[in-house]
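Shared between the two complexes below is subunit A, which has subunit B as its partner in the first and subunit C in the second.
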Partner chain A sequence: MPASAEVQTPPLDEQPPPQQFVEPVPQDEVKVSIRNLNFFYGQTHALLDVSMGIPNKAVTAIVGPSGCGKSTLLRVLNRIYGLYPGQRAEGEVLLDGQNILDRKVHLPWLRSRVGMVFQQSTPFPMSTFDNVAFGVRLYENLRKPELAARVEESLRSAALWEEVKDKLDRSALSLSGGQQQRLCVARSMAVRPEVLLLDEPASALDPISTAKLEDTIVSLKREVAIVIVTHNLQQAARVSDRTAFMFLGRLIEYGTTERVFNNPRTARAADYVTGRFG
Partner chain B sequence: MSAATAIFDRSGRRRVYNGVFVLLCMLATAIALVALAAILFSLLRNGFGGFGLSVFTEDTPPPGASGGLRNAILGSVLLCFAAMIAAVILGMLAGTWLAEYSRDGWYSRTVRFVNDVLLSAPSILVGLFVYVIAVRPLHGFSALAGALALALIAAPIVTRATEDVLRLQPRTLRESGVGLGTPFWIIIWRILWKAAAGGIITGALLAFARISGETAPLLFTALNNQFFSVNLLRPIANLPVTIFNFALSPYEDWQKLAWAGALLIAFAVLAINVLVRILAMRGKHV
Partner chain C sequence: MSEALASPADRPFVPVHARGERLEPAFHYACAAAATALFGAMIGLCIMLAWGGWPSISTFGIGFFTSTVWNPVTDIYGGASPILGTLITSAIALALALPLAFCTAVFLVEFCPNPLRRPIGIAVELLAGIPSIVYGMWGLFVFAPLFAQYIETPLMSWAPPGSIWERLFTGIPNGSGILTASIILAIMILPYIAATLRELFLSIPVRVRESAYGIGCTPLEVVWSVTLPYVRRSAIGAVMLGLGRALGETMAVTFVIGNSHRLPRGLFDSGSTISSIIANEFAEATSPMHMSALLELGFVLFLITFVVLALARALLGHGHSA
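Coming up: the complex of A and B.
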């Protein structure tokens, strides 16, 4: 439904609401800087000139109606789109000042710095311990006690340690759905990334598991920059410090979560956060 | 309203049609079951007649002497294992390439099509093919040629099973691996093959069951051997060809051994199928 249909004629003494309102993130807080990003699925232009800063040690939520490009934006940040032919990104995405869209970027290195958790939990077919240790074993040559300590630390940071500490050698597939999802968070955290991408991580979880996962997210922001894509506005309001609203491939509004929810400046964002569409 | 009454109306033509159809289905099932039971019954009755410990301890005898099937059993096991080693390596690699690496181009479509053709190729053609490429140039029948022929029959089955079961793995499983910075070959090696292991093993066991009874491809390749031999470059004894020869012979003791051999193969295939069922059931709970 086009939101423009709902824009009312403003009184004469007021300016019409802007089409876009993006608050800049202070330069010293920026972890990832996205500049004029365009994305294509073959001929389909899915992201149009997106520019925004993602702050370090904070949670940034990306919201918007289905198909607005929020997952696409997330999938650019670790270049996982590169698995599929015909998908390409143009523009700049600077991670600590380095353009990750550069062809010369070593992808395993990039992905060890930018972790990702998906909508569907995807434990590997091995034990809980081996799941968490999987990424660590790829990059680091830790001795047994060190590896065990890292696994424990990661499971604790995902608030899963107490529940699984006695069955670390059991198959991860025997865990519940909510536990599996937190295991995926722990697996990503074990390689000590700097950015963690969450693609609708709670959409398949029950309310209690969702609450646990949200607590985990809030506590993890002490260590990493977190970007979460969510369909759930309440969730965005609960966990995030900043919120970006996207519509039809464009970034419409971006700012502190409190401001975007309480005082949206663009008509489309206002309609969306008040539940008039989307 | 009329639709609802039609659904609940069981008295008219619909009821007659339904009854006739169910009857036909039951008849068809009965015919198939009777045939199967007849085969199994004659196999059991005749097979046990020739059965004894000597089947496993003595080699195939000349007519009139006592003997067993030791060399043929061992030869069959050897042929099947050699063939399966080659078929599993080839089939897993080909299936993995088709599922994970091939873009949907003319080359992958051709490979897939040829594989499907090989799946249903008459086994006697495979035997003749190996005769032309491996037996005639080397001037002699050999166990190796027999294993090659069996491998050519088994490999397409393993290829197809591997591709199918890898395609069943969720896309996000690969993406999670990639998202951790894992090189793709490690994702295949450590994650995908493990996740798909149940299906691949099932496919391999079915291929094993299929080749363990094949006779035609061995007639032109491994031939047969009256004596005990494990030399892969010489003709080797094997159950299917031994059964074929003994069953057509006029000697009663040879015919008895043929029945025993047939029973042995039937049980081996049955055991493999039961194993497959168990693996498949366990796979669902993992």
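Coming up: the complex of A and C.
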């Protein structure tokens, strides 16, 4: 059947759902402002004109089906994509008003402000203590007691301190998977970042470890802006304040988590959060 | 149940893998035989060298290792000079090659622009495949004259009399000698070490490198603090591979070391290594004692290699496990 035959004029009181519905974040809450971001893997156009604000001291979840660009968006925020030739971003990403896509941005400085935790835990081949102290030693010349205090503080903030305080000298690789992942959170937090990026941090964890990690995330938002990419809608609903739904490289819907889940305005987001696809 | 699915009872018992299972014991024994033969060959080699060298070992005793007299006319042999020559040239070669190989591998993995990555990688591997006699000829005919003219002569005339430099740069500025041999050796083992290190660096999971960069490391910090510790064990293996080649390398060294039985007085002086002595003299060793002394040298080289490997393992055992 030709497509034109399907077009029907909707009744006046029932407008079709919009293709895109993005709630603005109040200006004084914005930590990171993404403006007309486009991203390319070589010839592949992976992000199309994404614009959104990421609030400070809150958890923003990015959800969507596989390949929708949510991880790509995350990887722009600390420019980790720059490790790979052929990947490039266009547009603006303002961190406290400063465009981080600018060539002149000092990458180690950016990454000390925007930390990242990956899908699979990545402890470095050294002791638990050294793992957490690793990033701190890169930036600060702390004396031993200060460094030890920072390590303890970071491990506490990742809810790991009680479990590892007696074996800080042991190799981090001897920790369990869930502990390793929280160690990676602690390692990122030790540098005192302003934004923490989490790329499906719980997808390789068992339910108990996941619950602990989620508690950690919720408590960390007192200190930093958190952006979490997740496949798990319940997880997004549990931990996040705002939710962004992406589809095929576009930002389709963005707003408070409660509103996006209970009252989605776009058809695609409605289908996704009600489990009709994805 | 549908008719397509015959019940197990109806199906005749013919194991599908019957042929493969018959081969299984043969495969098992073939593997065992290959490994055992290798071990047997090593033991046999060791015994043969010790047996053949026994007249020399019993005659000269420990003096073989301290004496530098090597006199086929009087049939008196001491191996101090080639043994020392082997150790010195290999040590210098490793010291020269290791930093370069490390930088090459890091460049290829971390910094190299994509279009250059393959050509340089292939060049490194080709370099590892060049036969050593080619290196030897190149060293003698091309490298040595240039080295004599532009490095040895200026350095010798620069060295202040009585200083440590003067002692270091003692020798004849003809391009052959300990340092020339060491440099040629370094060039030979460099691609081995570089290629192996590169493979090791590439084997590190992407996420580990990304999280090191993600915490704000510079490339040097990533390599030094994260990727190198990650491959520490295998990296030492790569270095040992290079050192093993340097210790045993024969032709290239024989070409450029000068082949003298004296203890080298300086870096530019001519000397010898165990393998260069054996290569030079095996054909003309007519007296049984001469032959025996050469075999004892071979035995010593075998032991040195063994000790190097054992040391490497011991070193590895002490570090914290990665």
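Basically, the second predicted complex is superposed on the first by the 266 of 278 C-alpha atoms of A that agree within 3 Å, B and C clash if a C-alpha of one lies under 4 Å from a C-alpha of the other, contacts with A are read in each partner's own complex, and residues count from 1 in each chain.
To be clear about the criterion, a residue touches a chain if its C-beta (ideal position, glycine included) is under 8 Å from a C-beta of that chain, and two chains touch if they have at least 3 such contacts.
Because the structure is a prediction, the values reported are computed rather than measured.
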item	value
Room on subunit A for both subunit B and subunit C (clash or fit)	clash
First (subunit B), second (subunit C), both or neither touched by A:N78	both
Contacts of A:G135 with subunit B and subunit C, given as first, second, both or neither	both
Touching partner for A:C68 - first (subunit B), second (subunit C), both, neither	neither
Subunit B versus subunit C as contact partner of A:S188, first or second or both or neither	both
Which superposed partner A:I226 touches (first subunit B, second subunit C, both, neither)	neither
Overlap of the subunit B and subunit C footprints on subunit A, listed as residue numbers	78, 80, 83, 85, 107-112, 115-116, 118-120, 122, 124-126, 134-135, 138-139, 171, 173, 184, 187-188, 191
Touch list for subunit C against partner subunit A, complex	113-114, 205, 207-218, 221, 225-226, 229-230, 232, 320-322
Of subunit A, residues touching subunit B in the complex	78, 80, 83, 85, 107-112, 115-116, 118-120, 122, 124-126, 134-135, 138-139, 171, 173, 184, 187-188, 191
Footprint of subunit C on subunit A - complex, ascending	78, 80, 83, 85-86, 107-112, 115-120, 122, 124-127, 134-135, 138-139, 171, 173, 184, 187-188, 191
Of all residues in subunit B, those that touch subunit A in their complex	103, 170, 172-183, 186, 190-191, 194-195, 197, 286
